[in-house]
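In structure tokens below, several structures.
You will see subunit A twice below: alongside subunit B first, and alongside subunit C after that.
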Partner chain A sequence: MAIEFKQVNYLYKSFLHENSFSLNNLSLSINSGEFILVAGQTGSGKTTFLRLLDTLILPSNGEINFDGQIINNSSPEKILMKVRRNFGFVFQFPQRQLFSPTVLDDVEFAALNFGNNKAEASKKAKEVLKQIGIEEDLWEHSVFNLSVGQMRKVAIAGALVNQPKYLLLDEPTSGMDEYAKNDLLKILNYFHEQGATIIAVSHDINTLAPLVDRAIIFRRGKIISDNNPTKIFSKPMNADIQPPSTVSFARSIGLKSTPLSIDELADEIEAINE
Partner chain B sequence: MMVSAIVINNLSFSFDDGQELFRQLSLQVNRGEWLSLVGRNGSGKSTLMRLILGLETPSSGTIKVAARLGAVFQNPEDQFIGATVEDELAFGLENQQIKPELMPNKIKETLQEIGMSDYAKSSPDQLSGGQKQRVAIGSALILNADVLFFDEATSMLDPLARESIINLIGKLHKQNPNLTIINITHDPDEILWGQRAVVLEKGKIIADEPAKVLMSDIDFLHHHQLGETFVSKLVSKINQKRSLNRKIPSSIISQKELLSWLLNSNK
Partner chain C sequence: MNNIFGRFLPTDSLLGKLDPRTKIVIDFFFVIILLFANSWLTYGILIFFVAFAIYCSKIPIKVFWLGLRSILSLVILMMLIQLLLTAPSDQSDILISFGWLRISSTGLINSIIIALRFFLMIFMTTVLTVTTPSTSIADGISSLLKPLSKIGLDTKTFALLISMTLRFVPILSDEFSTIVDAQRSRGLSLKTGSIVKRTKTLIPMIIPLISVAFKKALTLADTMEIRGFIDAKSRTSFHQLKFQKIDLIVLIIFTVISFSIVYFSYAKL
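Up next, the complex of A and B:
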């Protein structure tokens, strides 16, 4: 076990409602090395959950244990900084986390922040940019002339350059073309195999369900399902989340199984034809 | 006769850092068309839209616009300023100097059109992603926009909200045959909603053809690293496992077509 939420509440002040819960009495454990998909409708608490994980916000009450370090409402900034060093965070809108003059500068900046010297930072930044599929001819360009999908890749490169223990992603595939998504998935798989724990909030169930070990579904600040994706999507779904297209298609031709990838679905279809 | 809504002639454009994107690009969009602008990240789709909207200036060439333009972006929060949904819509009317006494009716009509009548007094912050996009569409409609641009407008939405927005666009397009839709999207299944698909690659138009023709040209899609529909991917996988005489034709690109093929071939 690596991270444990113990009866965590997060309340936000709203003009309309005295105290609104964004997360309500949340208890769960995240094991080291897991690849987790967090899903649910807008406003269900998914993003609040990510922000608590990165200690960008603190629990209103309850506590979170990060590898033995307890974080609660009164934890000092010094401790939070220590915890945060284990995390890489990629926001939903990458343009809000990029600011350096060039692509390479931006990724280097993240590495310099972790005490690398200029030469080391530059080497690491180039390696990770190559890995994620940002071609060399873009390195000296302004980040702000890039497309949304390319910007996201640069933001992810910045998050990965220090090889964080935990990688948090908010809607990582949105605005990405299919091939860019494939590059991203390859690199996520690579980091997962290296032992990183990855937690991705996403609507893109089709892309992520075949890859993850575990899916957590939120509704109105509470967890309503927490299991491996095959188990979750084998049951008829409620209105909170649509099953992957593969599962919907399987159902439409009367298959009882829960294929999460197109490969599995094709196998199932051929099996009935034989 | 086709009436053009947008005519682009020999458009060239470079970024501030000198990087050239468009050289002598020409494109004509007719009134009432539903065109999908397709291409990989960085191919120039959004920049082309920004040029047409007048948010960027061409280095040379001309863009003639014979229509009122409206745009819906990936993140609608960036374009909201009103405290409530009706304020948001009223803002557009004020800009057009519509008399205040005419506003309530116009707002009511637009709310109905976008299916948001119950949310007139809600703050845009309280709306879901799909509802926010509806308001952004309403803000364009209330300005009598007859060309609507969508820049990855459904990519942040969950699948149900995405479907409802695409259905709304479909309904509006059906109601008003002069409404032109230009949809920038990476979703191969969304491309099939339009009649025409224009493919950009590194600032050049490399294909301009009926959406169905583009999406069934699997070799072209592979060669240019463009996504295929869910059904195309499934058909390729099934065909890999089949002998030559049992292959499914690659012209089958929608779920309906595949379902009926599978049912008939099993008889």
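Up next, the complex of A and C:
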């Protein structure tokens, strides 16, 4: 067990009404090396969950155990920084966080902040840029002269530069075409194979469901399903989440199985034909 | 959602029902009247007026505190300047003397007055913005400036600029929160390190914000152009402003208060 939420509440302050629960009495464990999809309707508490994981916000009540380090609403900044060191967070539209004069400088930023010297930071940044697939001749370019796709990759490199144990992604595929999605999935698979725990909040069930080991579905700040995606999508779904289109198609032609990808669906159909 | 500036909070309050022009006129003249106040009695009247306006807005006081909190450091800085740089009028005026540093009762009173003026001004403008949608504020300003269009001023564009500024403050404020989170997740600490280090942390937050603001502005300009805003003929408004009896009553009350402030401040001198 790597991370454990113990009866965590998070209250959002409201100007006019009672403070509302964004997360309500949340208890769950996240194991090392898992690839988790977090889904649910807008406003169900998914992004709050990610922000709590990265200690950007603290629980209103309850506590979170990060590999033995307990975080609650009175944890000091120094401890939070220590925990945060293990996380890489790729926000929705991550290109908006870029600011440095060059690509290399921007990727080095997190490495320098987390205690590396300039030479180490530069080495780490160059390694991750190669892994992400940013060509060397772009490293000294201004981040603002890159295409949106390249900017996204640089921002992702910036989150991965410290080789984090946990990678958090908020709507990672939003606004991406199929090629860019494939590129991103390759990157995620690579880091997952290296042992990183990946937690992705997404509405893009079609893309992520075939890859993940576990799916957690939120509704109004509570977990309503937590299982492997095949088990979750084999049951009739409610309005909180649509199953992958391959599952809907399989059902429409009378298949009882739950194919999460086109390949699985093709295998099922082939098996019937045989 | 911590920044209250520019946010409209819908309630069924009396102030929500007032004509935006009434509130804009009161806000404008309130700032001028504030400069006339020169005694505890006149400040007392203004504090009572603002407290009554807050009560009538049906908005919890904590909301106004949030508006104030964002400029509190600026107010404290101005208070300190007044406190430390106001020369004592005579020896008996000195409260504390420590080397070259002399704090006088005049400086102390001046700093309290500065803070009070700021607080009252922020509270009154917050009353306007939380009880009036930005479109209504723009309509109100546009209507009040109408006479100036006769001398060739483009009052509609001016009103639109104000409306957009008000509308964009909360949008950019939310965007800024996301950028801050993104940089904090990359190890930027806003709470540790020296003052110089903390000041430097502004760079990774301000540059992306400027970039986002430019992109949003360009998109907005395109959408306005597509919808034929530029060179468009004079348009009518879907929301018609209505000056009602209650507006007249509120304006009369404000006028009486304004004259009483002027009277108590100067007429007796």
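The working rule: the second predicted complex is superposed on the first by the 267 of 274 C-alpha atoms of A that agree within 3 Å, B and C clash if a C-alpha of one lies under 4 Å from a C-alpha of the other, contacts with A are read in each partner's own complex, and residues count from 1 in each chain.
The criterion applied here is as follows: contacts are C-beta pairs under 8 Å (C-beta built on N, C-alpha and C of every residue); 3 or more make two chains touch, one makes a residue touch a chain.
Keep in mind the model is a prediction, meaning the values are calculated, not measured.
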Assess the superposed three-chain arrangement around subunit A: do subunit B and subunit C clash, or do they fit? clash
Going by the contact rule set out at the top, does A:S142 touch subunit B (first), subunit C (second), both, or neither? first
One more residue to check, A:G195. First (subunit B), second (subunit C), both or neither? neither
Just subunit B (first), just subunit C (second), both, or neither: which does A:E171 touch? first
Looking only at contacts as defined up top, I'd like to know whether subunit B or subunit C touches more of subunit A. B
Report for A:F109: first if it touches subunit B alone, second if subunit C alone, otherwise both or neither. second
Quick one: classify A:F91 as touching subunit B (first), subunit C (second), both or neither. second
Quick one: is A:E270 in contact with subunit B, with subunit C, with both, or with neither? Answer first, second, both or neither. first
According to the stated criteria, A:H203 is in contact with first (subunit B), second (subunit C), both, or neither; which is it? first
Once the two structures are superposed, pull the subunit A residues common to the subunit B and subunit C interfaces. 16
Using the touch definition up top, name the residues of subunit A that touch subunit C in the complex. 12-13, 15-16, 51, 54, 56, 77-78, 81, 84-85, 87-89, 91, 94, 96-100, 109-110, 112-114, 144, 158-159
Which of the residues in subunit A come into contact with subunit B in the complex? 16, 41-43, 92-93, 141-142, 145-150, 171, 174-180, 203, 205-206, 239, 241-242, 245, 249, 252-253, 262-263, 265-267, 269-270, 272-273
Which part of subunit C faces subunit A closely enough to touch in the complex? 1-2, 4, 7, 9, 11, 59-60, 62-63, 66, 175, 178-179, 181-189, 191-192, 203-205, 207-208, 211-212
Spell out the residues on subunit B that touch subunit A in their complex, using ranges where they run on. 15-17, 19, 39-43, 45-46, 74-75, 126, 128-130, 152, 155-161, 186, 188, 225-228, 230, 233-234, 237-238, 240-242, 255, 259, 262, 265-266
